[in-house]
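Each of the next two complexes has chain A plus one more chain, namely chain B in the first and chain C in the second.
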Partner chain A sequence: MSFVHDPQFGDRMITLMAALVLVLQIAMVGQRWLITNIRMFALQSFLLAAIAGTIAFFNHSNHIYIAAALTFVVKTLVLPILLERIVARVGIQQEIEPLINVPLSVLISGGLTLVGYIVAESFYHPEETSASAALGHNTLAIAIALFLIGFFMMLNRRKALTQVLGLLSMENGLFLAAISLTYGMPLVVEIGIFFDVLVAVMVLGILVYRIGETFDSMDVSKLRRLRG
Partner chain B sequence: MNQIPVSQAFLSGLTLYAAAGLVGLIGARQRNLVRIVACAFSALGAVLEGVASFAVIRDAHETIISIPSGTFFLPYTFRLDPLSCYFNLALAVVGLAISIYSFGYLKSFDSKKPVGVFCFFYSLLLISLTAVFTAANAVLFLIAWELMALAAYFLVSFDHEKDETRRAGILFFIMSHAGTGALLVAFLLLGTWAGSFDFSAFHLASQTLTTMQRGSLFLLFFLGFGVKAGMIPVHVWLPAAHPAAPSNVSALMSAILIKTGIYGILRIAFDFLGIPPLWWGLVVLAAGTVSAVLGVLYALIEPDLKRMLAYSTIENAGIILMTLGGAMVFRSYDRPVLAAIALAACLFHIFNHAVFKSLLFLSAGAVVHATETRNMERMGGLIRRMPLTALCFLVGAISISGLPPLNGFVSEWLSYQALLGGFGSTLSLTRIVFPIAGSLLALTGALAAACFVRAFGIGFLALPRSSQATQAHETHPSMLAGMGALAALCIALGLGATLWLPILDPLVVQLVNTKVSGSLVLAGSLVLSSGSPKGGTVAPAALAGLLVLLTLLPGLLLAFWRRRRRTVSGPTWDCGLPGLTEDNEYTATAFSKPLRMIFAAFYQPRREIQTEFEVSAYYPTSIRFESGVEPAFETHLYTPLKDRILTRAGRLRTIQAGSIHAYLTYIFITLVVLLLFGVRS
Partner chain C sequence: MVLLWLLLIPLVAGPLAFFLRKRPAMEATNVATFAVVLALAAALVAQVLRSGPVSYWDGFLYADALSSLIVLLTAFVALACSIYAVGYFRHDEQNTVFVEAEDVLGEMAAYKLRKYYSLTPLFVFAMLLVALANNLGVLWVAIEGTTLASVFLVTFYGRETSLEAAWKYAIIGGVGLSMALFGTILTYYAAHQIMGTDTLAGLNWSVLVVNAAQLDKPTMRLAFILILLGFGTKAGIAPMHTWKPDAYSEAPVPVAAMLAAGVLNCALYGLVRFYILASKSLGPQFASQLLIVFGLLSMGVAVPFVLVQRSFRRLLAYSSIDHCGIMVLALGFGGPLGVLGMFLHMTFHAITKPLLFFCAGNIQQHLNTDLFRKAKGGLIHSMPWSGAAFLMGTLAVTGSPPFSLFQSEFTILRGAFGGGYVFSSILFVIFLVAIFSGFLVHIANLVLGPDPGLHNGETCRWKKYSVLSLASVIIVMGFWIPAPLFRLIQGAAGIVMSAQ
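After this line comes the complex of A and B, so read on.
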């Protein structure tokens, strides 16, 4: 089992998992069912937790284990359950109606991935040939792409709840960028961010419920009516 | 003389103000307790502030108080120099009287009204006013300035149930912020050029600035401070906000808040920006003259008692600006003695106006509370029902009309002398400005007297014009005490003007480096002279004695006469139609009618009469009469400006679609473009 302790192996694992995260993100853009979407988000978060755990293992930095555990608990378990309960309570339609059709959306997501790579390119210094630099390069590109696609998901969808999902996957992108570039921020910052996300989802959950009550629909385009 | 620990007194005064505010916030439930404790604390705080300020002026000694703060660019530095302390003293005196008055006035509030919240904002206003006058740093000054505007806004909109009040509050807010915008730009520019936001650095930097820089700074500052000073044409918030606010607040705003603008102009013109070019003084003088004349013209036709007082505040701010502008002109001509005299007139009038205008607003508050109306056409006969309030109002009215021997007379007399002195002592065309300004000041004084004869005559004399006025009662003793103190001060400042003037010496020395009392006060501090051999002299105390003698003499004669003859008292002659009612009375509108006709070109009065009849026009069933004047500044300046802003804003509105998706798309596109742009460069 010597390969387990080989850093090269760890880097490859991380890159592989990051790529899977990106694939899941694009799949979420193409996916039409809300519940499946939430579960894909849970899976994506699980992969993130695994990335964090791998980084912690190969760099022997124990506090990242805590971040990984937090990711697992908050994003893989708590948030999806919370969201599914909201879905059940509001009793919304299961199908997502994107503003832009699925093939075009996936194409745009591909374009945004490209943008991520272009942007990450400028941070890449070829003279630094160490493994961590290469890892940083790849995962940063993926992280930026995640962020942009998450944003695109937000503006592509009508329902407030699916926009929450977009926001959460944007946050996943940020988490990936932070953890792969710095090998773990100070724990305080991590905990702060988790707490933030949790609170944000709660607020958004209430807001979603309210919008549903007021407009008999969760379609945020109806908020236009609030304009004076 | 004993030494007064100035900084301790100053800081504990501020602490007491703050304690009053906190009491208001904490004990919102115990209405009576809060009212008593908060008013007592703010009154005590005002006493301490007054003592500290007076000590600084008397000793002409500058005190700097620094409170360490966490941020490097914002030291909490207060500088107590004579100029700051003079304004702070006025605040303390007026604040003390208003705090005593509020003790009774707050009791009359509706039981639903949050007295505690009122006390909080009132204390906040006192603190921020003190901080505005004493801040020694531009950042601290601006913070205090904004706090002051906010506290005043909440106090003005205290009766927020009324549509009119909310509108007044918003108007105040907008105008105040427009002014602060100008100030912010000016302070940032000056701070950049001086390399520091410290007031002492501003003073040193003035020598290195170019004429262009100084000129633009002056205009920005003048505009920004002019809004608060109530200068025409940026005065529109005043006649709206003063009547809408509770009367103790209108008193504080009119007496002191207005003066923050004057303080600012004094500070920049005499401290920051060095010797002014001629045109600065002329601009200030012109703005002051326009404000004085137009302010009193508007006051003259206003039937709303408190709004009339607000217009009269504009007029007095104008008078103060006239002498201030005069002092600036004299300074640029290098006439220190004349500048000192004009400044003394200006400073004296600032204090006097603070005293008599707060007195008038407080008594107006008592009257409005008793009669439940601000319209003087519905008052009348109050001199019998509330004699002490009427007496206080009368003292204020005499004083503001500039009649001897009260304080308003002395400062207006000094203002005339200073302006007329300018004619003989300056060169070229400028000299013609002074007699014109002087005669317009005379016109203003006469019109102000007419205005207050009208207010007192219609409001207090004759028969009551409404049922509320019939049932009016004398006000709470503490309200009377507050007003009485101010009325006594009006008399004392008038009779003892010659003793008061030397107190202005440290200020005038600070500003123009010349003493003033030596040339103005003659003959063992009894006679006031105009400072030049050609000008006049006056002895207020002797005048008062003469007046007392002149009123006593007929009284004595009458008493002597009466002993001989039997007197019969009967009703007023009723032209043979028995039973005079309030309908026979002369109205306020009728009183000002002749003046409205004389100044028709300015007022552009409009009148509408509609008669309805069935058989013949000679037997009308009902007549509807409506008259009014053209609000010139609103229709010709503010409405077009507002319309233009709204059209521009309407165009911008198309991008504000109200759709979350559109907003997200804006952010998204911006983000991607910025990312790519960042990579390229």
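After this line comes the complex of A and C, so read on.
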């Protein structure tokens, strides 16, 4: 079992998982069902927790273990369950209706990934640091791509709940960025962010529920009475 | 210790109000809480002026002149709003605004009041934490907290339009703040490279500011842009301002006043903290240019909407966008006068804006509308005090002498000419004049004119005296600034100037 302790092996594992995270993000843009979308988000968060766990394992760092555990509990278990309950309660139709058709959306996501790589280039200094400290630095590009694609998802979708999903995957991108650049934020900050995300989803969930009740629809493009 | 009490008291008062249930008890706790908070804020200011920055818990909480100015303003606004809220919600209850179809026993009213009185202390807690947190990550968490605590205050009336406003507020705020979090992460990355520490102190502002000159330049450049976009969204800088008119016009008046005079300052405070780091690392030029562009854009965007505005609540929101632009612009002009002008403006604006909201609230409750079209004018006859105060507040907020906002705008302008920003100063003056004329015409049409024969609208003492006392503070401030307050403002400006 000596290969497990080899940082190069860890690096490959992280790269593989980060690539899967990106694939899941683009798949989320491409598919049409709300429940599938929520489950993909759960899987993506699980992979992020695994990345954090791997980095923690190679750096023997307790606070990254805690961040990984929090990601697993909050984003892989609690949030998807909350979101699915909202879907069941509101009784909305299941299909997502993007504004831009699927092939073009996927193409745009590909373009945004490229942008992510270009932006990340300016922060990428692999030669400056030792092998185990450089672990996961190449995932920054993927983190920026997640952030941008999440933003695109929010613009591209009309239903309230799918916008919440877009916001959450932007947050996943930020988590990956923090993990890959600095091995996470200080623990107090990390816990504060998780608390905020959890409360934000509850707040938005209640809003989605009440919008669904009041307007008989979750289509936020119907929210247009306030102008000027 | 005073720092801890400042945070603990509102944090406890929120849940307390939730369990009290009875209206008089909730009103009393609310007012008492904020009165104590204001007293503590004054104690903190005294301590900071006497013996320099205060910190607590190994520097987890930290207050210098800049933070204690924000704490003082927030506490002042919160107290004014809590006093006004008593009369405002009693009026709402009497006019059965809360009663919905199935509600016979007034349960809805009790439920809604409970929501207001338990959420506002938490809202104020988040604002105070913004100013007192030393760690920039905690600062971000607290700013996000102000959004989360206030979303359900915006949906207070439960109308379709208030849901719409709250949705825009939460989603636009959420996206904006996620950019700010990215900026914070990048700042931490830049700090990480030079200090190599994983401890909490790695993001502490008081530590970062000492080493700011060595922070990695490309990283800080991107970080500052993201922070400007992020906290700018929260402050309501154009073009990220679109949530503002909706939230300000749909929220109950005391909440709108707290958003306009409290959260605005907190978001700008976050921006200023990062501005200091960025200008120490990059030199002031880079940040200044961005700030000037966004500041002028905000003022410019506000102009047409002020000129053709249909509703006086939304008019106040556009005025708030305009003032946010002025403050950002002043920070961009920089120099001793520009920065001093910015903090003077922040102080005077935080005192004046609540008055306008309170008058607008009184008038809206009297007329049951916030549209100019439906108001027949001549309000001065049925509401002599609120009408006169609204007109006076309008003159004050548009910066006409002798009111204090004239002094701050004049200081900013002198700073701008001194710094050689001729073109920007000319635009600044043009926008100011346009907003002055638009604002004044609207409010004069509303307040003055022949008597339309409405019944007397000033029966509630709470509403009347909160307007009158705030108006007298503004008049006094026009002629005389208390010396300690001025020293505090100078101290805050000095902290920013140390970066330039």
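Rule of thumb we're sticking to: the second predicted complex is superposed on the first by the 213 of 228 C-alpha atoms of A that agree within 3 Å, B and C clash if a C-alpha of one lies under 4 Å from a C-alpha of the other, contacts with A are read in each partner's own complex, and residues count from 1 in each chain.
Convention: contacts are C-beta pairs under 8 Å (C-beta built on N, C-alpha and C of every residue); 3 or more make two chains touch, one makes a residue touch a chain.
Just so we're clear, the structure is a prediction, and the values are computed from it rather than from any experiment.
Once chain A is used to superpose the two complexes, chain B occupies space that clashes with chain C. Contacts of A:L174 after superposition on the shared chain: chain C is touched, whereas chain B is not. With both complexes placed on chain A, chain A has more residues touched by C than by the other of chain B and chain C. Of the two partner chains placed by superposition, only chain C is touched by A:A200; chain B is not. Of the two partner chains, both chain B and chain C are touched by A:M154.
After overlaying the two complexes on the shared chain, residue contacts for A:H60 are found with neither chain B nor chain C. Comparing 4-12, 40-48, 76-84 or 328-336 from chain B against chain C in the aligned model shows that the clashing stretch is 76-84.
On chain A, the surface patch touched by chain B in one complex and by chain C in the other comprises residues 119, 122, 151, 154, 163, 220, 223-226.
Residues 99, 112, 115, 118-119, 121-122, 144, 148, 151-152, 154-155, 163, 220-221, 223-227 of chain A are the ones touching chain B in the complex.
Interface residues of chain B facing chain A in the complex, by the touch rule stated above, are 656-661, 664-665, 667-668, 671-672, 675-676, 678-679.
Per the touch definition, chain A reaches chain C in the complex via residues 61, 63, 119, 122-123, 147, 151, 154, 160, 163, 167, 170-171, 174, 177-178, 181-183, 185-189, 192-193, 195-196, 199-200, 203-204, 206-207, 210-211, 214-215, 220, 223-226, 228.
Looking at the complex, you find that chain C touches chain A at residues 60, 135, 137-138, 140-141, 144-145, 148, 151-152, 155, 158, 160-161, 163-168, 170-171, 174-175, 178, 181-182, 185-186, 188-189, 192, 198-200, 202-203, 218-219, 222, 245-246, 249-250, 305, 308-310, 314.
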